[in-house]
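Here's a structure for you.
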Amino acid sequence: MMIVMKQAASEEEIAAVIARVEGAGARAHVIRGEEITVIGAVGDREHIGRLGLDSDPGVDHVVPILKPYKLASSQVRKGERSVLEIGGAKIGGEHFAMIAGPCTVESRDQTLSTARLVRESGAQFFRGGAYKPRTSPYSFQGLGVEGLALLAQAKQETGLPIVTELMDVRDLEAVVEVADVIQVGARNMQNYTLLTEIGRSGCPALIKRGFSSTLEELLMAAEYVMKEGNENVILCERGIRTFETAYRFTLDLMAVPILKEQTHLPVVVDPSHAAGRRDLVLPLSLAAAAIGADGIIVEIHPEPDEAICDGPQALRNDDFPAYFDQVLKAAALAGKTVSADV
Amino acid sequence: MMIVMKQAASEEEIAAVIARVEGAGARAHVIRGEEITVIGAVGDREHIGRLGLDSDPGVDHVVPILKPYKLASSQVRKGERSVLEIGGAKIGGEHFAMIAGPCTVESRDQTLSTARLVRESGAQFFRGGAYKPRTSPYSFQGLGVEGLALLAQAKQETGLPIVTELMDVRDLEAVVEVADVIQVGARNMQNYTLLTEIGRSGCPALIKRGFSSTLEELLMAAEYVMKEGNENVILCERGIRTFETAYRFTLDLMAVPILKEQTHLPVVVDPSHAAGRRDLVLPLSLAAAAIGADGIIVEIHPEPDEAICDGPQALRNDDFPAYFDQVLKAAALAGKTVSADV
Amino acid sequence: MMIVMKQAASEEEIAAVIARVEGAGARAHVIRGEEITVIGAVGDREHIGRLGLDSDPGVDHVVPILKPYKLASSQVRKGERSVLEIGGAKIGGEHFAMIAGPCTVESRDQTLSTARLVRESGAQFFRGGAYKPRTSPYSFQGLGVEGLALLAQAKQETGLPIVTELMDVRDLEAVVEVADVIQVGARNMQNYTLLTEIGRSGCPALIKRGFSSTLEELLMAAEYVMKEGNENVILCERGIRTFETAYRFTLDLMAVPILKEQTHLPVVVDPSHAAGRRDLVLPLSLAAAAIGADGIIVEIHPEPDEAICDGPQALRNDDFPAYFDQVLKAAALAGKTVSADV
Amino acid sequence: MMIVMKQAASEEEIAAVIARVEGAGARAHVIRGEEITVIGAVGDREHIGRLGLDSDPGVDHVVPILKPYKLASSQVRKGERSVLEIGGAKIGGEHFAMIAGPCTVESRDQTLSTARLVRESGAQFFRGGAYKPRTSPYSFQGLGVEGLALLAQAKQETGLPIVTELMDVRDLEAVVEVADVIQVGARNMQNYTLLTEIGRSGCPALIKRGFSSTLEELLMAAEYVMKEGNENVILCERGIRTFETAYRFTLDLMAVPILKEQTHLPVVVDPSHAAGRRDLVLPLSLAAAAIGADGIIVEIHPEPDEAICDGPQALRNDDFPAYFDQVLKAAALAGKTVSADV
């Protein structure tokens, strides 16, 4: 941690900061420039952080040097990328994964026909929501346990690993029974209770970036899960909030290469929610794959016009195979391919 | 809902949209301009919304007309403002309320001495955290039930109503036993499970605006609580995320007059978290009171330098009485005062 | 324009708005819903806009329906895309264009060696700055007329059309003598004087999106140029400002497909400035090309470590040919290629 | 400048950075933590900055320590605040100033009647636009020289100093003849040509913050003017762009206390443009004055419904005296008053 003193800081103020740093058991390195003095504090970061030096007399600001996440950081793996193996599917490193399915599980037919298509097209995971976070309390909130039962059927019939969202810790047990990957929605990215319990469950997690969360906060969310001993975490960029009103969210594709620099965890992109429009799903997916995403999580539906939820952004099932082909070509530009043995 | 057609929309496309609207049991009003046709759809908004007309051929975009919240809207009270009476304190309308206390309950001494000061200064509520949402899993997470016990003591001794945060639905029962107002943190503003359960508990709620949530989303969070029959909701602006890096969050004081136009619920401001600096608490509080906030929720501490959490932003207990005096003068400019009988 | 009345609006207020609309020579269509009345105003938008109906009694808000830009809109070309032909190079439609060169023209050697490389690699335009907008008045501001002379030499020797920035209207004459495309920097996107004069000059323009400008504002900037009879405008996305601090700007690749829906003008992407890092130029360029950009404008330098300006984001000249090859593969996924005859 | 090395940086990489720093004539201080090494570079910041160390092998990132502005910084005045005296009016320090007048100069009557009212109410400056920056090229662009003549009349008749906007450097001479303060609009905040020429003119400047500019960038704009020897600069907060769509801009009142910490220059607030609504002008002005602004620049009009431009946000002339009284009460809370001798 570097403590930058004000230009007008007195010698007494500088000495007082040094004393406080050393009192916390850390070493203080003083660098005197012509205009400003900077004090480097080396030692236990929790102890130093707790001093709250920002508001000490003469202190201009404090610059943290170390990243606050540990288990999620690239360094812990010395630059090697994590490859997760989940229900026979691989994701991460050179392994690209397609995660497809409906926004919401609505019926037996809709679920199973879509799951079969996903399987036949060669995709790696089946996604479907039984619990839906909705901005309005008056909107459809998902089929709940009935939806989980349909997902279990889809899994049994196709063998595809299942990705589904958990919103309420009290549903954890039921969800873990069918989920191969628990999805944490953007609005719950900082629901620390949920993250901790998922960590304890040992079930792999796919964490969506909050729509106004920094990459560091996303990594801290992963850290909450990993701290409990569960290292199977997938990160997901799904669009952030900006001033632009021409689209719902701004898909932040720069997050992909930067996250891959900061963490060993796989990074996927959701091209469905940012635009909320079917016709943008393909171009956004091509860009995501070309920039190096480890996978795509996309919404598809047999008849989007009849969908209970988010129909306008769902690809039609019939269009999915051709879409997937195109995406794989873009992934190949980034040196990625789906594992042959899946 | 107004459906704006593309300039190039064909007559067939216009007719198809009209048919879809009427098929949902709504009336379609067609307005033909020289360049563009607009179709007004009048009827049940849920039904019309579910059609997903945005992605119909020839449709440019859809403009929702009705606000999605109902119970929280100003109209439901015909412009009359809600005055909440909680544990002898009034908030809303002409009643200004000061909510003060430590970020975190740390010890018996710290809690009780601060509560006494808050009482003696004439403030309306005592705040204190037993469960703390922390970005890092490695940070102090609060005293938990032990903290709740200290709050209960403070309440017993001072008679002040207690404001404290709930993060995990499984703690609801324990929290409700001591809390007069349950605080929902910014990161949990869209934790719909939590909101619904607080609604069912009947305990008044103070909901902090998510740091990237629109005012409409904040009102939808209130709606989640109110839909369960619990109308005692206080809204809180605490800073939003912007591109500016000179402060942690940008306190959005415009939210106060706009919220008061949109909702009958009381609106308070938290001046402590946005800047994270003690010296900015007074100017931000003066501005908040002058712009018409119904109250302030502020962090104070007997010895901020020793605080476990957020010390640099806490006012010193000793400075609180003079601070409160100044804030009341600013509130008076907006026609507000604390109730005499409190 | 749709005027949405407040729920509590009286019949008198509704009648008054109708009278005001009709008084401006427009027709008023009244749509009465159960909760809210909406008045559609059809007629001259300037006249209606000038009424300032937003603040009339009983009016909740006003929704503009027509886009404010005309010449730049897709509709004016009935969906056909503009293909610009500039100095033998084509851009737009199926024609992908690579615009490469140094951030700043520094010396004869640097300029000519880079221009030759750009030519040999098959790129379409040579870029180089003689006037540099710098945040600090203490930074190097460009070689000025001397830089223009170097660009003229580069043009003469390679035959490549030149893209260079204009900041001061008083330099227009000198710049037009060498520029085939005048670049308008992000900070000048709403410098209306500059835009108008460039429009009058007849010289093609490349307008960079302001780092906090909406797409509509970018199109209005184009409209300023086009209104003067100059239809040769290229739009450029170069990164917007968001809350994320891990990069300088967030490259908004969604802007590409949305702009191509709204306008017939070519859209290019600048992958150099958002990240400010050489190693991100390739992945960002691949994503830009895959999402359908009509071209890339990229900074290259023979020895980036020695560059006066923005060296860390410049590709090395030696790496440019291989980079360009990769980008063309991504462009091919979006159905684009460079014109054979260039 | 602190150079933070990557955790995996080798000894060679560390040595290379040290050599580069020392090669630029600076001193290198090495701080070795358990996980990370940081190198402090002390010396000429321009030289060190030009090295572009961010992209050197082994470097994680670079933290600038010194502020890039000098003349605008608080330190240059050792904490003393600048009080500008312009045409008999004082602004800065304890001197609050009210700057009022129409958005646009429209006619002799409108201009003179408003100027007289401003004078009689005891305000310090008269504002009015002759050149208007408009998003649309089809909108009214101001009366130009004719408008300047009306401002000259207003000045002659009332003796009030005049604040008016300059957009085109070619109009500088004409504007300086009547202006006591040249206003630089938000869209021109980084029009460096304009800033430099205003600096050379010696005429005081009021610079509006760009709607997505950081405070540091605003101070750099001031620096462009001051570098030319013109120290009479007033800064103006007028609203920034955020994700919130309930208002046009988010008035960032936190900017006021932070700017006053960073610079000795006076800081004023424009309460008219952010909301664009007359009814919000008073509450926003009260908040601005209470938080410590050195003045307010507000739009007023004899008949806002007839205004050519921005009528909905203009206060009615008739309401101005009472408004000003209220604002002064709020300013008094921050220890400010208008100078008696004005």
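Points to keep in mind about this one:
Going by the order they are written in, the chains are A, B, C and D; count residues from 1 in each one.
We take it that contacts are C-beta pairs under 8 Å (C-beta built on N, C-alpha and C of every residue); 3 or more make two chains touch, one makes a residue touch a chain.
Please read all numbers here as calculations on a predicted model, not as lab measurements.
Among the other chains, the CA centroid farthest from that of chain A is the one of D. Rounded to a multiple of 5, the C-alpha superposition of chain B onto chain C involves a rotation of 180 degrees. One finds 39 Å separating the Cα centroids of chain B and chain C.
Averaging Cα coordinates per chain places chain B and chain D 32 Å apart. Note: centroid distance chain C to chain D, computed from Cα atoms, is 27 Å. Residue positions of chain A with contacts to 2 or more other chains are 212, 241-243, 245. Of all residues in chain A, only 2, 4, 7-8, 29, 31-36, 38, 40, 42, 63, 65-66, 75, 78-79, 212, 241-243, 245 touch chain D in the complex they form.
Per the touch definition, chain C reaches chain D in the complex via residues 46, 50, 52, 54-55, 68, 133-139, 167-170, 187-188, 190-193, 196, 210-212, 217, 220, 223-224, 227, 241, 276-278, 304-305, 307-308, 311-312.
Residues 212, 214-216, 240, 242-247, 250-258, 262, 274-275, 280, 283-284, 286-292, 326, 329-330, 333-334 of chain C are the ones touching chain A in the complex.
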